[in-house]
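Have a look at this one.
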Amino acid sequence: MTEILIKNGFVFDPTNKIDGQKMDIAIKDGRIVKKVNECNAQIIDASGLTVMAGGVDLHSHIAGSEVNLGRMLRPDDHVKDAVRKTALTRSGTGYSIPSTYVTGYRYSKMGYTSVMNPSMAAMKAKHAHEELNDIPLIDKASFTLLGDWWFALENIAKDDLDECARHIAWMIRATRSYAIKIVNPGGLESWGFGRNVHSLDDQVPNFGLTPRDIIKGLAKVNTMLNMPHTIHLHTNNLGIPGNYKTTIETMQALESFYKGDKPVGHITHIQFSSFAGDNWAHFKSGAAEIANYLNAHNHMTIDIGQVTFADTTTMTADGPFEFSLYELGGHNKWVNSDVETEASGGIIPFEFKRKNAVNAIQWSIGLELSLMVKDPWKVFMTTDHPNGGPFYHYPRVFAWLYSRKAREATLKNCNKKAQKKSLLPTLDREYTLYELAIITRAGTAKALGLKDKGHLGIGAEADVAIYDINPETTDIAQNYKPVRRAFGNAIYTIKDGEIVVKDKEIVAVRPGRTIWLDVQTKEPCRIDDELKSKFKKYWTIEFDNYPVTDHYIKVPEKIGIKASV
Amino acid sequence: MGKIIKSVVCPICGCLCDDLEITVENNEIVKMKNGCAVCEAKMVHGYKSEERILEPHIRKNGKLVPVSMDEAICKAAQILTDAKYPLLFGWTSSSSETQHVGVELAEELGGALDNCCSVCHGPSVMAIQEIGIPTATLGQIRHRADLIVYWACDPWSSHPRHVERYTAFTEGRFEKSEFKGYVQKLKAQASQKKVALTMRRTQVRYQQADSQAATVEAPPQSLIRAGRKMVVFDVRKTMTADVADYFVKVEPNKDYEIFGAMRCLALDQELDVDVVGGVPVEYLREIVNVMVNAEFGAIFFGLGLTQSVGRFRNVEIAIALTRDLNRKTKFVVSPMRGHFNVTGANTVFAWQTGYPFALDFSQGYPQYNPGEFTANDLLRRGDNDATLVISADPGAHFPKSSVKNMLKHPLITINPDWNAISRLGDVVFPAQWCGIEQAGTAYRMDSIAISLKKVVEAPKGVPTDEEIIRQILEKVRVIKAQKTEKVEKLDDFGNKNIAGGN
Amino acid sequence: MITLTPKRIFDVPIQAACISVDVFTGKSVEEIKNLLITEGKETITLGDAFNVIEDSTIEMPTVVLTGDFSKVKRVGQGMKTGEIIINGDAGMHTGEKLAGGKIVINGNSGGWTGCEMKKGLIEIHGNSGDYTASTYRGTSTGMKGGLIIIDGDVGTNVGCYLQGGTIKIKGSAGRYLGYHMSDGTIYVEKDCASRAGAFMIGGKIIVNGVMELMMPTFTIDGIKPKVKIDANQNAQGPFYVFLGDLAEHGTGKIFVLKATNSALATYEKFL
Amino acid sequence: MVERKLRVTLITGRTIDQGVGKELGKGSQEYFDNVAVCFLDSGDIKKLGLKNGMNVQVTSQFGSVVVKAKKYPHGAMSGIVFIPCGIWANVICSSETDSIGMPTFRGFEVEVEPAPDKPVLTLDELLKQEFGK
């Protein structure tokens, strides 16, 4: 295998506390090593360039039934953004929901090498994995929707968490997944009959439990199973004015699980759950309250779900939320897709506009949160692709974070009412490259429990991004535009020790790995006739045909986990 | 003793029933349990019929003669690369793994790519692109639906186990099966018939229902009861309508008007007209009330909407009605997606290109437009100059004039048996039966991926269609590379470089 | 003036968005000949497929296409200025997204002609295909302005999602005329097939001939003696005026000539 | 009174027997028996003076085909005839798609008349007649 030596770059590696020092990075056999033989190694002269680990995205809807339905829904979106075939790369389309190959290419061009697919209905897992196989150049993992799964609900209602844990371990294996995803707990089941839950203590019809029970139950199960990532939570009441209170209550509900070592919960795209005001007319930011809570507590992490002002496509497993969004009016298409026994889903094409007061405040909330939460290891950068905006708009978000000037330039063009309500003018903080590296790779990898990703220490996976940014000569906050462009077009991207992007172009295509957890409980899940007959009652496919088989994963990376139950 | 294989998936309609029990003896299926009559026909008899193609054929001097696989592959690849604008059509009876390679081939060729959905539920896909769709997986309907509407479809004929597995006659968590009620109804009808017969014998004047008076009956009281109800809208009474609680006979090509009227009624609007599409507005109002009062309603629609006048607009307004009903209760709508893996073809094409069917790669990137790049439109206008048909039979299912235009240019076919299009082909490939001799993935009508099983070995020398497509793709690349070389040589003599691939 | 004539009969479609005044302006004949188009999958030059002749003595019309262009797609796409005359049949997507200038077709025109156009004028002295002055799939923004005049008949789905501008059809119109339109005017001199104005929320459709079937989702609003088509033209009535689409809470108006539509007299009882 | 011809609306579609026949093979007797048929309303059968199983010629503006007449078993549908989808039906269908890809398979006018002297062509005969192959 080739050896590579990246010489003289400014290295930003927060995991190993390296903050812009000029140093060499050596790569051999797909890993970072201490040194290589310079005569044999391919030398990359990185002098004057910024070197980081490959980006790790912890929440981006890139594949699966929902995403694909979104693709099918929007020829009007694709026709704006056609991608030509080359000798090396396949053709495809963008814009807000790029086709699989284009997704891989675009991530790689931004220097990202790992992406989490955060919403996979268990029953549709095969489909998700078939699509993931077609996304080249990046490693990926999926989170299974388990918050409204009948087996989980029944066991939690019975207070039999051991049994619940065993079933969930089976499900994680059966769907080749990486984490427990909870979306509007209790709400999706209620949506089966067109209803929703509106607080943590509402009863879930027919099941005799509350959203609070589900969240606490699954958080407990998560620790019992020793999962590398925490529960990944999309809160109740998402997208409704005044919901920041529910969000804080949700975080409070998890306080007791904190042992002082690592976080116990992750709230995703929290921007959509940080709304204050009683209704849309009095809509305002609840970012300060959320940030204050997070600054005072250490048991949670969040990602922002930043709005980038794009004509995008919103999609979530939160079916009732999408319907309420549809009812606000102005949308021509609405998709709802319930999944028996497990989940729901909704899709609406949505254009976030600067001149719309609510949209502009939403944009502001995401940035306020990122700037007001003091510890960058708690808050991560996402756009909840494609909900807030497509993932290849990340460089725009970076610019708003590292440059006050960039924020002001955008805010100036926003709705006047929103400008008045925005807290951004009071915030002077500007992210450093070191902090940016935390919120885009080091912090996310840590939160996901992916020890070999997100950093450049010895033994780490050789995923490296090299950007045309010279921190010595450039004031990034003042010259935000060239830096923004540089983040969008890596000079080099190295994936597993192979150069895949060179001079901003794809030069090699290789499949990425699919990471999944083989969670072994002490006592395995009982697969007896009783379970099978229950299975037959609950689903419309046979037990034998349900699990994802090895056939569906082209390049697997199985991580064995020993559960404590 | 034969080997029994359980949980086998039926490779015929969009239901993809996966509970078949197959008995195999000496590499032959001898028995099938649980499946429907059509499934039995294919799995036990049809797949081993004498009509099987066992080796590749090429038409020479007007006659199909057996040739080697290599010769057939070379010929096919040559035809496709020589063509300025080839059409690749079919894909429905293939696994999604084959469809996957198919997109790559179409892209490499710069041709048009379409699947059978353009003649079945393509209009449904187009309607979804206009308006979205509130839908659900079939189990959701099984557990919750207390009102099931079949509109312009006859599942009893086209999806024989749909009612028994997913809707009215299945046991859900919150809704019970109505099968017993149906049996009682049957018995009651039978005794009525007996009475009528006796009366006729005893010369009592018996008033026979006039078959000419095809008026719509008023909605029965039974629609107001608790429990599952089934309503059928169709232009003719079908097997499905026979078991329904209520059958509404609509005039042909008037579905759109009826849906429009129902939408108004659901919004409590008054209508100026009294009868729409042969149905009194008062009846429609009652039906709408039943819909609004349902806990969970489901509309299934079939080709009666997508193939009659209006086509995708019919589906669009059906979806609009469902969407409106969601403001009052929970309602879902679902196309009765038809043949085998047609949903898979849409799915696979969409994730690779963004578009589900009607694709064109002539510009080096995917373009989409039904009506422009759909098989029948290309054939109607005579736009393409070679055709590859895989796992489909346009010979039997396209209008005559389309087939005539197809036959003006070379035709390559890949099918397991001598169906109509294979009989018409110029290069004819054999293929394995996907789901019987070949494993893979198929997508159910509600786009759930299900793994197909291989239960018997294919006849010797018969490859999978995936292998054939792969081999053609490789050969096409070789031919294109040779062409580029030629062009480069021409360049040395100062000629313009115009060909040379993409 | 640049004149293009086909060198041969085309058997596969040609995609040639570069045949546009905007593109030709400032280019020599040689440069125009070297513009790239596709014939099926093959990339060729304009000069390979067409004879290109310049007559510098004539300024307008700027481009003249003579011959059968029915397989040539996207002529004049997105054009902003100048004039194209097509002496023969035109292909699909002619004048799509037109933003100004004028296209005259002395023949029939294919589907999607003048689709999503913003400004300018298209004259079709023949029939026009389905989706004329309509939208691309899944798009809900249609023609926004300008004028399209069709001497012959039009196909189905004409003027879908119309948001402005005027469509004058001197022949008959197919189904789903003015589908989902929100503004603008469509005038049909002869007959109109069923389902006209379905989902419409604004704008007006005027039918001078026989209306095949009124959508039941329209209600009669009155009878008017005449109606304005545009600044230069009125249509003489009396007309039945229908309001709808009620299912969309729309306030679109369909004017149907009373004299040719005795079947609609039953509606009079509601007035 | 017996009429020579009837103008009716044609519907094509699936039947379970067509499904069985198709899966047994396009050349099979079952396919021929179940697809080369035209279902008519019992009243219409009387009008034409037909008997179950007699040959009828169905003609549209796009073509003409001879199939066997059968009484529709599920109740009245006067003015409508039903032919299972397949090659016989497609001889008389139009390829007009309204620019959406779907040919006109159902809901158009046809004429039905008794054709006692004309044979119902088999698959191969029909292919030979229509396409010469």
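Letters are used for the chains, namely A, B, C and D, taken in the order the chains are written, and counting of residues starts over at 1 for each.
Operating definition for what follows: contacts are C-beta pairs under 8 Å (C-beta built on N, C-alpha and C of every residue); 3 or more make two chains touch, one makes a residue touch a chain.
Here the structure is a predicted model, which is why all the values come from computation and not from measurement.
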Chain labels contacting chain C and also chain D: B
Contact-richer chain pair [A-B vs B-C]: A-B
Chain B and chain C: spacing of chain centres that average the CA atoms, whole Å: 34
Where chain B and chain D are represented by their mean Cα positions, the distance between them in whole Å: 21
Between chain A and chain D, centroid-to-centroid distance (C-alpha), Å: 57
Junction residues of chain D, two or more chains touched: 98-99
Sites on chain B at which at least two other chains make contact: 126, 129-130, 309, 361, 363, 368, 370-372
Multi-partner residues of chain C (at least 2 other chains): 111, 130-131, 136-138, 140, 175
Parts of chain D lying in touch with chain B, wherever the complex brings them together: 9, 11-16, 18-28, 30, 41-43, 62-63, 72, 74-78, 80, 82, 85-87, 90-107, 123-124, 127, 130-131, 133
Footprint of chain D on chain B - complex, ascending: 12-13, 36-38, 40-42, 45-46, 49-51, 62, 114, 118-119, 122-123, 126, 154, 156-158, 160, 211-214, 235-239, 241-242, 249, 252-253, 303-304, 306-309, 311-312, 357-358, 370-372, 374-377, 379-380, 393, 395-404, 407, 417-420, 423-424
Sites on chain C touched by chain B in the complex: 11-13, 15, 38-45, 48, 71, 92, 111-112, 130-131, 136-138, 140, 175-176, 179, 194-195, 198-199, 213, 215-220, 245-247, 249, 267, 270
Partner chain C, residues of chain D touching it in the complex: 98-99
Residue ranges of chain A in contact with chain B within the complex: 63, 65, 68-69, 71-79, 82-85, 90-93, 97-101, 123-124, 126-127, 130-131, 134, 191-194, 206, 323, 327, 332-341, 347-348, 537-545, 549, 551-552
